[in-house]
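Shared between the two complexes below is chain A, which pairs with chain B and chain C, respectively.
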Partner chain A sequence: MAVLGDLDALVLARLQFAFTIAFHIIFPSFSIGLASFLAVLEGLWLSTRREVFRNLYLFWVKVFALSFGMGVVSGVVMSYQLGTNWSVFSATAAPIIGPAFAFEVLTAFFLEASFLGIMLFGWKKVGPGLHFTATALVAIGTLISAFWILSANSWMQAPAGFAIQPDGSLIATDWWAVVFNPTFPVRLAHMALAAFLTTALAVGGASAFVLLRDRDQPESRMALRMAIGMFAIVAPLQLVVGHTSGEVVREHQPLKTAAIEAYWQTRADQPQGLVGWPDRKAAKTHGEIAIPGIGNAIQGVSKETVIQGLDAWPREDWPVVGLVYWAFRVMVGLGLAMIGLGVWGVWRCYRGGPETSPWFLRASVLMGPMGFVAVIAGWIVAEAGRQPYVIYGVLRTRDAVSPVGAGQVSVSLLAFMIVYAIVFSAGAIYILRLMNRGPAPHEEAATPEDRAPGSAMAAAGEEQ
Partner chain B sequence: MRDIIEGPPGEDDAPLPWRIRLMWFAGLAVAGSAATAVVAYALRALLKL
Partner chain C sequence: MTLDLPLIWAGLIATSVLLYVLLDGFDLGVGILFPFARSPTERDAMMNSIAPYWDGNETWLVLGGGGLFAAFPMAYAIVGPALYAPIMLMLLALILRGVAFEFRSHGRKRGKRFWTAAFAGGSLAATLAQGLVLGGFIQGIAVRNGAFAGGPFDWLTPYSLLVAVGLVAGYALLGATWVIWRSEHQLHDDARRWSVIAGLATAGLLAAVSIATLIVHPRVAKVWGFTGEGFKPDVFLPHLPIPLLGAAGLGIVAWGLWKRSHHAPFLGSLLVFLSGYIGLAASFFPNIVPYDVHFRTAANEEGALGFMLVGIAILLPVILGYTAWVYWIFRGKVAADAGYH
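On to the complex of A and B.
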């Protein structure tokens, strides 16, 4: 408490938002991918009637229900926080941000909430066709939700289509420009792919964990192959989309690019720093390993083009360069590791199957949670890199905070830490225990001995 | 959790008539929306908005 008491309300409010958003983003990034995975599994079960797909669905739908619930609970906290800690931001930007959030609730959240009940409790009641429709609608709902949230956040990164009123508040003058603001399309693609990758890694990691115990487990073998297929295709695609996103950032948020790459000086022919220790005070990177002559090419501009360095802005406007620099490298490093895992996995599929290599299985388990780490690192780049603005170039973070005391924010931050530690630890432990147990044959299918000889189930069992 | 989440009908189970299935579909969807609305309005009342 004494430590928190030494910080002012602005820093505490930022800490609280960072803490709660870092928890929150884990769940939607998982549920977006899982919902689509479940729709694919159910579609495959409907078209092939292979029990392995049904059993996988019934296993992963439990994990989805839990992560969806925890995502909703942690998301509600975010919106209330905008009112309690960021009331000036709310008052200023509500005419633009408010409708985006309202559309998210009306078009996405209600869609998910309406059909989640059928997905969980209605398979026997509505039949396979309508149940698949409900699963697909929930999956579409999660993507629509991402659409509106990314639209609102991207508008804060590169605001467009608005005017400033005499009282300082913002109003939309062109809703098309507001919704489809310059950074939005590529950031939506980047986030959606990140969600699919995160889910593929988690599914692959959980399946590999089960296969290390029992390498003949049919559901886990199938799920691992599906996960490998996913990250073998999506991880390289994400590299391309991420690079395009970087180019859009350079165009619309050059200060963020300067922080990401620790470009201290404005110059042509920037070097490409690989690693180092950025020192904001000294305005240099200690121990940097850099490749000269390729920085401009990586930014997608000619060698002669002058790229703005941090020296183009007053020092007090610089973000925390080291944080942005390293968060970016963690994200990119993990992305490259995902590509490597995909290549290795595909190679293993052609060399006796991925489950035959304990080292590949161990690597998959190790990479299981890395999608979440990459997502959080990516959001640190996006949000910390936007500083000192909450709406880039329009509203500074220090001007957006509520007129509340440090004591009040300290108490709510502590309360969040305690409640989150209890609630989310319990949820995470339950999910991990489920994953540890792994998928099992549906109770109606029971054990292999119960499968009628010559039936589809017996055939599936033999095939595995 | 295993008992709450419903699996698909077994191969030997006779399917319900399509009208009943459609009614369940609509009923569960409306119930899901209504439950969400009740929570939202309860939160709003709690905060005296």
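On to the complex of A and C.
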């Protein structure tokens, strides 16, 4: 009974972490790209003085404020949840990745939080150069934050630069090796590109939605072209970086590669499975459609090279193969669709403009949210693929959990689900409402729109 | 020269938590006072007075948590499970009130009413939760073999509830005196009235919490010279400046309200909090988790502490510099339509 109780608490703690972090990652992946987009827009406005860039800035900064706010508050949860739910992990990992967390707060969070105030409320308070600097600093802050968190997470994937002391605790032996651990550089590039891609698709989708209604809306025409330019370049680049990331995974986490591709047997000349239903118990993939003879080539090794299959490891070390396998296919499938959309968009740009093709606009709207789906799928590959370890090869997830009972965790999990459902629905409604309205020709800086506070209309209509 | 790294980091974490309490204290306090505002316009002005700052203020809480994880992982790993429920309540409440800053201005009729309530309720609940965390912390946490070894509701006692109510009064005082400083006309006068009430409540509850602490927690009482054998003035006297600072703070609040000063009441309430904070620190030192975990036991490896110290030594002055600059940019009185959408 006690064992069952402990297991329940572990499962609940894992569910809570998965839920809160999957919710959280949506916002950084949008804010990272959007902050850079805003910096570019403001830079273009200051250098060209074309109203279209000013209007786009003032429109998208409102979306940014909504998304960033949700990212901040869901991020505060992460900084405490490690202690409340994963206290053994915290005590074990802090000597190594503690500094990354501290540096993230010191170099990124304060920068973003402070200059966000100027960005959102300073349009009329500070000069244009200073305002642009604030936007640029927020954009830089989002990237610095990605740097540290990806460093810490990559260390958990392929720990380096540390030693295990006689009492079992960890000690850093080489800080450079800890921070720039082997999977970090390529994973940082992969995540940063994912954020840019996600934002480009969202901006493109929102602009296409307005253009379906009003083909001549100048701001949306400009934004759609900028978005196409972005994803047409970044999506193919992401394919290359993603592939490189896969090679790094195969080198440092061969078990994860075996799960991603459902390689059950260790052998040369692995087949390339396209789709199928991996069955962990039977150690085979049901109904698999596979292309024989090309698996090794896709992994970037010769046909004769032996690639380890899951059978090279004891079963209790296997991750949930089906989840990793399918999350990977969703991510790659969406990535290929993004490349297709980019090619189509560039072609449309040379054929009378993207807004002249309703089908392209509809496809862009459909692809608008797909960056988020791909990001979450990618993180599932990374995190579920590392199981049953929380620190690969060093600490198992089941040993990392806090001494907190199932009762408390189930209540807090339920509370998170309710609160996040409210916050997410409201945030999504407000963002979609803004996107539906679209940028205006005379977009206003953060001031009341149609009902100034203090006016009779506001007093009558707002509350009470 | 060798640096005493654990001691320096204990000081840094303590400073970060102090800055959090002072800074987020006033913006949580503004939320607590939200239901007492006369009109939506007053609420808009109150929110505008803190909108550019709240995110930066809350970042000190993230530094407190992240810093504790990084510098005193053992303490972080004990406090999290021990105070699980109030920490979760705090996080959920901070989410609701945090998004309310943006959402409130996007909501239509019902939405706006909902987010107004979420801002007020979230601010109050986050404050109560912080009070329960503080109360549970002062009571002491059961520790065995470097891990939490108590029950899920150890933190819930009449004492911790008293601390929670006291913190609500204190934050309300910070919030009310902040609004005095940053508002004009009707709202300014309302904030003066709130300050009088919150000031009296804070003075009473601060005294009650202090006395209760001495009665309920003999180990703290001993630090202040109240032992089982009687009062020891020689132990108490070195600590005398701490309660005097608190009394001076309350005096400045009262004097400022009397003289209709715009900024003195806020400065006075900051001093009240500073005195309470130093008083607590003096009661626990050198424990980082009362009453069994010495800060040196809980400290991270010297190498990690040294590595981080290089960073914080450079970055902290920069952060304090631009934080002060942002406060300067948005100085002065706010109007209801001072910039939010």
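Throughout what follows, the second predicted complex is superposed on the first by the 433 of 464 C-alpha atoms of A that agree within 3 Å, B and C clash if a C-alpha of one lies under 4 Å from a C-alpha of the other, contacts with A are read in each partner's own complex, and residues count from 1 in each chain.
In this text, contacts are C-beta pairs under 8 Å (C-beta built on N, C-alpha and C of every residue); 3 or more make two chains touch, one makes a residue touch a chain.
None of these values were measured; they are calculated from a predicted model.
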Overlay on chain A: chain C relative to chain B, clash or fit: clash
Partner chain in contact with A:Ala102 - chain B first, chain C second, else both or neither: second
Which superposed partner A:Lys125 touches (first chain B, second chain C, both, neither): both
First, second, both or neither for A:Glu316, with chain B first and chain C second: neither
Which of chain B and chain C A:Phe110 touches, first, second, both or neither: both
More chain A residues in contact - chain B or chain C: C
Contacts of A:Arg54 with chain B and chain C, given as first, second, both or neither: first
Which of chain B and chain C A:Asp216 touches, first, second, both or neither: neither
Which of chain B and chain C A:Lys62 touches, first, second, both or neither: both
Partner chain(s) touched by A:Phe416 [first = chain B, second = chain C, both, neither]: second
Touched partner set for A:Glu304, first chain B, second chain C, both or neither: neither
Steric overlap of chain C with chain B in the superposed model, located at which of 1-9, 19-27 or 91-99: 19-27
Intersection of chain A interface sets (partners chain B, chain C): 62, 65, 76, 109-110, 113-118, 120-122, 124-126
Interfacial residue positions of chain C with respect to chain A in the complex: 39-41, 43-45, 51-53, 55-56, 58-59, 61-63, 65-71, 73-74, 76-81, 84-85, 87-88, 91-92, 94-96, 98-99, 101-103, 106-107, 109, 111-113, 115-116, 146-149, 152, 300-301, 303-304, 307-308, 311-312, 315-316, 319, 322-323, 326, 329-330, 335-337, 339-341
Chain B-facing residues of chain A, complex: 45, 54, 58, 61-62, 65, 76, 109-110, 113-118, 120-128, 130-131, 133-134, 442-444
Partner chain A, residues of chain B touching it in the complex: 1-2, 4-10, 13, 15-16, 21-22, 24-25, 28-33, 35-36, 43
Partner chain C, residues of chain A touching it in the complex: 62, 65-66, 69-70, 72-77, 79-85, 87-88, 90-91, 94-96, 98-99, 101-107, 109-118, 120-122, 124-126, 171-172, 175, 402-405, 407-408, 411-412, 415-416, 419-420, 422-423, 426-427, 430, 433-434, 446-449, 452-454, 458-459, 461-464
